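Before anything else, here is the set of structures, which you'll find just below.
Below, chain A partners chain B and then partners chain C, in two separate complexes.
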Partner chain A sequence: MGKREKVLVKICVGTACFVQGGADLLLYNDFLDPVVLANCEIEGSSCLGMCKMSSTKARPPFVQIGTEVYGDMTQERFCKLLAEAVNA
Partner chain B sequence: MLELNNQYTLIKRRVQTEVLKQFFDETLEQDADKIPFLIIPKERIPNRCCIYKERAMIRYRIMAMLGIDIERFDDEMKPLTEYVKEVMVKDTPAVPILTTISTACSACPPDRYLISDACRGCFARPCLANCPKDCITFSHGQAHIEEDRCIRCGKCKEVCPFHAVVHIPVPCEEACPVNAVKKNEDGYVEIDYKKCISCGRCAMSCPFGAIVERSGLIPVVKMLKAQQHVTAMIAPAIEGQFPGTLAQIKQALLSCGFSSVVEVSQGAETTSIHEAHELTHRKESGAGYMTTSCCPAYMEVVDKHLPFLSERRSEALSPMGYIAQWCKEQNPETKTIFIGPCLAKKVEAIRLGTIDGVMTFSELASLFMAKGVDVREMESADLGDTASFEDCRQFAVSSGVAGCVLNRLEGTQEVNVLPINGIDKKMFRAMKIWEKRPPEADLIEVMCCEGGCINGPGTIVKPSVALKLRGGNKAATPVKAMRDPLVRSEMHERK
Partner chain C sequence: MNDIFIDVDYAQIYKSGQKIGGDVFLLSRNPDNNQVVCTLSDGLGSGVKANVLASLTAHMAHKLSFSELDLTHSAKIIMNTLPVCKERKISYSTFTIADIRHPSLEDIHINLVEYDNPSALLFRGCSSLSWNREKIDLQRDGAFKKEELSRSYLKMEVGDRLIIFSDGVTQAGMGKSLPLGWRVEGVRQFAQQQIERNPSISSHDLSQAIVRKANTLDRLVSKDDITCMVVYARKPRRTLVVTGPPFTKEKDALLGEKISAFEGRKIVSGGTTALIVSRLFNKKLKVDMSCWSPDVPPCSTMEGIDLVTEGMLTLSKVALVLEEKKQVRTLHDDAVKKFVEVMQDSDQVHFIVGTKINEAHQDPNIPVEIGIRRTIIGRLRKALEDNYLKETSQEYL
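For the complex of A and B:
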């Protein structure tokens, strides 16, 4: 397996995301598969602006994986989406 | 207790945010009844039986947020706007701080032991041999418990080699350390306020959200809107609850309309000094053990259940008491608002009389969202000179109070510390025994919540997250702060 680009992940740590479950995602070291984790570059991000958009039905917390932004993030969903992104 | 983040807490936060948004837009008196429809839209797939019941529950949550004692003053025919008009004119009394929503209560059957299909109907049958009431019977090759004879001792569960016996508790009753939560004859939840210590464990445990706190938020936002001089007194546990440093949290509060912000840790310094003196004095006079007095739920335990401890607890005021006094000395006109993780502080605030309002971190989060304040984007406010009480921020963590008291002892003394890390049923029973058999300690630090105030009922994030964000500027970059300890341990391994 050749060396691949790491998947860039941004966890929104704006107040609205943080207090509505986003803080739980910060424990990713504890709940992510280490193999998946090794292939991700995870960083915190200022408000992605999604919570202020009325067009979207998704709710905080938001996470950006690659170029896609996902709402209603939970630890389980985060694991699943990251695994998919890494193996894509 | 339930995980901190669940459907219920998230929806509660949304309700609070919407109510506050309408309050500041001055539309609450007309539009309050629209909020249940906004939060539970037609398309929603309900978690309860139907969206209509969910909407009715949202209505009750709004009532709780308005500070209404639902148990006594629920009038289903009365629109929310009428309630809003009433609370705008006159604040509701703050106690009792908990109330119940009987229609939300699932009327859980009494706690019981049940033998599941995992039972193999084995030959040895330790359940049968060990049951003191002889209530195990066998049919169809499996064991069964005769409900009417079972005394719920749990022996069968302990001895089953297949772990086939399950205990099904009643979450609220199991959580209450002092047996104040009971079922009425219809099976719905009731709180015995004569016994209740306002710790909030039941409210945190009910998976149906049937026990709610009556919020004191409306009186506070009324003060803010009227542009009175309001002082926010932030509890030591606040650090780590928001994605920003203490200085940023202070600035966020100022931009919400608070006139000044003080750290309760400053009052904690006075408490520690007082307790250090008292401890020295007690040791010299051979008066025996002393307990701390800063946990208001513990104070309720002493007043309502264990009166023999009233001469054992320190006479020091809590940090909140001292800081409120100080604020009123600086500016007698100021309104003092305690912002903390605690529900029992509301009871203490009434007793002391120097505190004009109490709100929780969770309510503050809703205020930030309603006002569109992002803690992370805030400039750093000046915290002033914090050198003398910096260590007192540890008051929020189990063993932290004792540490601060020991730091302030004069000379070298041998002090035996016993931290009580959380009062649950078992701990409450153990404390009862102290009357006959005093514990072998000089200083007993009592915290009703396990882990300390950072695990209180009004918190936002789990203690495991909060602990990693506390201290220094870690909370300014939450994701990095989470990673850093790991990086360090990896480097350690490489060496």
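For the complex of A and C:
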């Protein structure tokens, strides 16, 4: 297997996201599969700007995985989506 | 805002075994006419009696300094009011009053009145200056000798320090490590070394160092109350806090100009605000994932800005910490701690408050109460002014 590019992940740490579950996502070191974790580049974002868009139905906390932004993120969903992204 | 800051602080160790001090320090600032008055008074003996007498003296000195009365005349009134000890035939309390006025950067002057305390020291950089003191003789009823009051008028420059201490400092180590005690000369040399080692040493640190050294000379069993007060005239340490996006997008550029024109430390508080600043200065914003706690989102780093934090949660936590005067060392290692440290280390704090409303914060589903930015800044300013004697100012954008 050749060397793959890591999946870029941005967790929003803006006020609205942080208080509605974003803080739980920051514990990713504790709940993510180490194999998945090793293939991800995780960083924070001071605000992804999604919470102000009236067009989206999704609610905070928001996470950007690759180029896609997902709302309503929970620890379980985060694990699942990241595993999919890494194995894609 | 003032271009000059008079940094005054004191340190004190009571006589070993005493729960109350016989040395009393008072400080008042009158920002209307740029006046700072500090008084150090030492009551005869130690413990409660000394404390009552020293407090009496210090408060009288203080009140009189703010009146229109001439300082020498005030000192005479105090001396005539002070009771003379029946056995020892000396007055109950000694004092030093420093009345500092600083109308402008070039004109800082001190009216210094000393009565029986060890002579004050004046340092310009690390060199000690001497000056002539005008002696005033006073005869009081019941006293066996003439009293001598000394008065000086000193011009101070930015960077000068005035050090005033009680006889507990000069007599430290007497009969123990030093036959005649530390004496004024010893204190002078020690202070000089401290200033040489750290030319911008704060009043707090210098007074602490002198008092600790005196206590060490007394082999940690002080024989008298040890008190030292330092007055340091310096340029104010300024901090700018930018929070919230401007009301209209057109004002963004103005915000950028204000930030780059500011001399001093800069804090940006708020996710969207940070993005605006990052875009304006074309600097990368990086979230520091190692620095957060369950109540406070992580802070970020950006070149040219000393601290970048999240907005409302961090600010309300900072306001709470400052209102309750919590010790910095008891705080989590997060954005709030960094913010509070910068606040405590500043003399003047200027707030630029963006007035744009954040739609996302209006969501009723948000589990914690997110206040109104203006209210929180108001609380912050009040806490800084009342609890920490900082100067603050504010503008809306």
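FYI, the second predicted complex is superposed on the first by the 88 of 88 C-alpha atoms of A that agree within 3 Å, B and C clash if a C-alpha of one lies under 4 Å from a C-alpha of the other, contacts with A are read in each partner's own complex, and residues count from 1 in each chain.
Throughout what follows, contacts are C-beta pairs under 8 Å (C-beta built on N, C-alpha and C of every residue); 3 or more make two chains touch, one makes a residue touch a chain.
Fair warning: this is a prediction, and the values are worked out from it, not measured in the lab.
Asker: For the overlay on chain A, clash or fit between chain B and chain C?
Answerer: Clash: chain B and chain C overlap once superposed on chain A.
Asker: What is the contact status of A:N39 with respect to chain B (first) and chain C (second): first, second, both, or neither?
Answerer: After superposition on chain A, A:N39 lies in contact with neither partner.
Asker: Given the touch rule stated above, what does A:Q64 touch, chain B (first), chain C (second), both, or neither?
Answerer: neither
Asker: Which parts of chain A are touched by chain B and by chain C alike?
Answerer: Shared contact residues on chain A (touching chain B in one complex, chain C in the other): 13-16, 18-20, 23, 26, 42-44, 46-47.
Asker: Would you mind writing out the residues of chain C in touch with chain A in their complex?
Answerer: 271-272, 274-275, 285-289, 292, 294, 297-298, 300, 308, 310-313, 358-361, 363, 365-368, 370
Asker: Sort out for me which residues of chain A touch chain C in the complex.
Answerer: Residues 13-16, 18-20, 22-23, 26, 42-47, 49, 51-52, 54, 59-60 of chain A touch chain C in their complex.
Asker: In their shared complex, at which residues does chain B touch chain A?
Answerer: Residue positions touching the partner: 5, 10, 13, 242-244, 252, 362, 365, 368-369, 373-377, 460-462, 464-465, 468, 477-480, 482-483, 486.
Asker: In the complex formed with chain B, which residues of chain A make contact?
Answerer: Chain A residues touching chain B: 11, 13-16, 18-21, 23-24, 26-29, 42-44, 46-47.
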